[in-house]
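One chain, subunit A, links the two complexes that follow: it is found with subunit B in the first and with subunit C in the second.
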Partner chain A sequence: MRKVSVMSVKKNILSGLLKFVLASVAIVSIFLFSLYGSGIALHFAMVGLTGAILALGLNIFYGYCGQINFGSAGFFAIGGYGVALLEKYMHMPYFLSLILSVAVAGLIALLMTLPLLRLREYMLALGTLAFGLAIYETVSKGFTSYTGGEDGINMSKLKIFGTPVGDTFFFYVFLIATLLCLWVSYALRNSRTGRAMVSISQDEIAATSLGVNINKYLVQAFVLSGIIPALAGGLFVKWTGWCSPEYFSLKNSILILLAVVVGGTGSGIGAAMGGVIMFLLQEILVPLAIYEMLAYGVILCMFLLFMPRGIKSGITSFVKWLEGVGGR
Partner chain B sequence: MEYFLLTLVTGISMGCTFGLVGLAFTAIFNASRVINFANGDLAVVGAFAASLFVFSGKAHPVIGFLAVLALPMMAGLLINWLVEPSVKRKAPIINSILITMGGGLIIVGLIGIYTNFSYFNTRYVFGTKPLLLGGIRISPQYAAILVATAVLSLAYWLFLNKTALGLALRALGINADMASLVGINTMTYRMLTWASSSIISGIAGFLIAPLIVPTALMGLPVVVNGFIAAVIGGFGYPLAAVTGGIILGLLIQFFSAYVHGGMAQLVVFPVLLVVLVFRPTGIWGLKLQ
Partner chain C sequence: MNGTLLKVESVSKNFGGVSALLDVNVSVDQGSITSLIGPNGAGKSTLFNVITNLIPLDSGRVLFRNERIDHLPSHQMANKGIQRTFQLLQVFKELSVFENVALGMHAKSKAGLLPTIFRFPSMSLEEVKIIEQSKNAIQLVGLEAQMNETAGRLPFGQQKLLELARAFVSNPKLLLLDEPTNGLNPHEIQMIIRVLHKIHDQGIDILFVAHDMVTVMEISDKIYVLNFGQKIAEGTPDEIAKNKEVIKAYLGKEYRIA
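After this line comes the complex of A and B, so read on.
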């Protein structure tokens, strides 16, 4: 018979209570923030949440499977331009066009796996980089009569039942989308599929010898990491009301990669944190644009050299250290 | 016909600059299996050093040219210093790629702060009077690019295949642990490779600077095209990088001259995907096997 000590029951109740209190505080503060947060605070929150969704998307392919992908901004662009073009030329309702462009992004990702997943390591880096650049060149220089070239496409205000909605509505939409992606990340990580993906990142040969169908799981991961950025793109351009090619340049692909590295590769909450941090940093650095590149370079090198597992593991080990101190 | 020849010469010369960057990729890859994504940024350093010391005409030409060699070399050694720990502990190759990228961002960021991300001053240092070569008129800048590419790629090929040092470098690339067991000082040799490769990138930047409008941000197209050149030719072979570069340059120039000016860069990516899928060893790779 297992003995359950009174202490551990107490500890469980305490930690459950703590989680409940924390969750309620978070929900109430989010609610209050959405009601009373000023315009600029909501703006920053939305940019941060976009970053979180993008980083969560990349995390599945880069963090779980350990494969590099420089093409995230390409899928971000497919989502954004899909929504914009469907509205401009087909006058489609927004949420329908969002679903459709996310589906198209998934389909394109599925097609791109045919050439791209034959490659590994640096060749995969180059292939995905070429994909991202090709999408960027197409929307910014290629078919300028449709996409408006560098000027982009202006979008109408989103209306629900005839009434235009403001930032508060979008804040909730972004929040729900982020939580959805976070849930997908967690559910995936704790499933058979997710474990198979992590085994690929650790050793492909060992994974194969255990019966993991590498190609199948990489295709699934790549399609997921195409769909999620496309969702972010569709939401982002409708919120800003302007679909501009500059959102989708290679700089953003690098920023997304940086977000995953900073947050913590292979961890859902870590990637989300990294996304929020990096995209807020980018937004804050707008007035100091000339220092932007230097800042990214320094952050990238610092994290890879001194904290290669990201902020998430830094916090975890800090908490462990605290517990150790408290227990003494 | 005149237009065709002009396009041909321009394509080959632009292709040679891509080939030089591809050569720089190859050099580092052969010695340490690292892909240096900062190669374009080292070309920016070359162009920047040239605009400070050569194009401005303030320094003696010899000193100016030495600066064009020295500054990219220093920048390359800085990146090597950053990437060396992860090469040593055999971290996943993604880490070293990202670190070279971060090092490139630092260097370009510093240059960008200095120049405020505006254009560098350039000048045609080799003159502007066209040279007549068998009825074809070649601008001296293009001729300089052709000569420099031929000399550098041949010299590198000879160095790698005909000298003891080159043999040591190839051994280092194949298996660094084995190489160190037979008495090759891996760290020094990697530094040597980085220095020479950075100089090649810097020279490419110096040569290409007057032909484009160089800014601190010109590294990206240079690095992408250089890498694509190396892949099309066959990764790991110095002369293949140059042939790949020439093919790429001709493709871009002829497409923009005869089909569509704005979409020239776009045509490269489908070609790259086709090469990666159907002949990942490159067009030369098959011959060398």
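After this line comes the complex of A and C, so read on.
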């Protein structure tokens, strides 16, 4: 017995030390990066973080509750256009318009649960797909005198106390938003509410018999999965300075879903990593033009074959293997 | 204090033309272990599903502590103090043993979305209570070494124990157990019986369905016998063992109580 406990203490110290070193390295490198990172590197970082936020939003509904949602880009659009329209027509201060857009997205998500949550599986996939498409078609082809149609809406530079802010400022805003969403994922997963959500993905009948009100938790999860992408949308369009419908196409909804699959369903960190990877890939794969979707297909197949539980699980088993080597 | 906890009054249920339950009356007294036996297809599991309203009844009433519950949504049964297990094991296979049992505390706790995200002190306190009570239940069924194991990886017998722990962790008034000993070896059955006695001593009353006659005879205070959706007998284990109709329908002529 004693031998085992000494070994486990050694292991604990080792993994604690590993975590501390990793965290310090991360903080220092983030700080240095924000100071000395080149324009293009910051650009990639922002795109990656946007992907992370989007994937974290979907992860609550898809990863935790196990319900498919192809409408993430729709909520992404509501956040983006909300901010853009409020600035253009109401001259509203940016952060106020951001809060308002996110709230509106939450309200729309709440209303959408009335028809959508009567559906499950393929039907739910089609229902949410229709929602995403409806939003996209509306902003790109309908009301063009307001939304600018395919041209989108140009936005002013963000000013804080009269001075325009640059990419470094946005980098920190994106980073904080990502950490907030990570916290929400983590806090949920280790709580009564999160456990109830995950139980729905496993077995609805058993969950019901334990007293889990399935509809209530699906509504909450869907609303969170609407609010979080809307936050990403509001941040993203202000940073790029251009609210364009092309950000919000069906391709992005699929990409967000892929991100959660690639990262590993059911884990916040996994989803965030998946989001970063898929959105950076999207930037890198631009030269492939029409073969881009084919590349995503290949990537998805590779993951399903070699890392079916996602990157998070892959890394976890690698770290376990490392710890095993270290403990010897 | 010796009243009736659960009362099923002339409940009927038809599936198409087949009557799965026909005018069934069953009651569970406070402080008792009651069992429900009968051949395959006698309507035992259907009765459980009707009591918990997973299947709505066609006619009749279900009363729990003198209050009608047959119109309540299934998820409110746990709030009332009724927990159940399933004939075909329904543990959450991809969750850990701890998380499974902690979910059993769902009805006994109430922290919502906002208290969770902002970690209100009330939520943290509640979580501590959930963790403590879950650990106790896990210890009672002897799974403390497997606490962080994924439930789906446990052997069948341990999954049965886990499902049992999940059902009684919240200290319900009534526990409905659908074949808790089915498919287990004699050693595991003894383990289950020990656990059942322990939780019964804690004041949890039990209604259970079983095929394993030895267990039924050993632990029941009262037995109901169903056949083709109808109640054909009720009584103490001794009375049931002597009942001619029961012997004919279910036990077979050769059956002797050990």
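Everything below uses one rule, namely that the second predicted complex is superposed on the first by the 304 of 328 C-alpha atoms of A that agree within 3 Å, B and C clash if a C-alpha of one lies under 4 Å from a C-alpha of the other, contacts with A are read in each partner's own complex, and residues count from 1 in each chain.
Just so it is clear, contacts are C-beta pairs under 8 Å (C-beta built on N, C-alpha and C of every residue); 3 or more make two chains touch, one makes a residue touch a chain.
Keep in mind the model is a prediction, meaning the values are calculated, not measured.
Contacts of A:Gln220 after superposition on the shared chain: subunit C is touched, whereas subunit B is not.
Within the superposed three-chain model, A:Gly142 lies in touch with subunit B and out of touch with subunit C [touch as defined at top].
By the touch criterion defined above, A:Gly297 lies against subunit B but remains apart from subunit C after alignment on the C-alpha atoms of chain A. By the document's definition of touching, neither partner reaches A:Leu255: not subunit B, not subunit C.
With both structures placed on the common chain, the touch criterion links A:Ala206 to subunit C but leaves subunit B unconnected.
The partner that reaches more residues of subunit A, of the two candidates subunit B and subunit C, is B. In the superposition on chain A, A:Ser191 makes contact with subunit C only, while subunit B stays out of contact range. Partner subunit C is touched in their complex by these residues of subunit A: 183-184, 187-188, 191-196, 198-199, 202-203, 205-214, 220, 224, 266.
Every residue of subunit B that touches subunit A in the complex is listed here, in rising order: 35, 82, 85-86, 91-95, 97-99, 101-110, 112-113, 116-117, 216, 220, 224, 227-228, 231, 262-263, 265-266, 268-270, 272-273, 276-277, 280. Contacts from subunit C toward subunit A in the complex involve residues 52, 54, 73-79, 83-84, 86, 90-95, 99, 102-107, 109, 111-113, 116-117, 119, 123, 126-127, 130, 166. Those residues of subunit A whose C-beta lies close enough to touch subunit B in the complex are 62, 66, 68, 114-115, 118-119, 121-123, 125-127, 129-131, 133-134, 137-138, 141-142, 144, 250, 254, 257, 261, 290-301, 304-305, 308.
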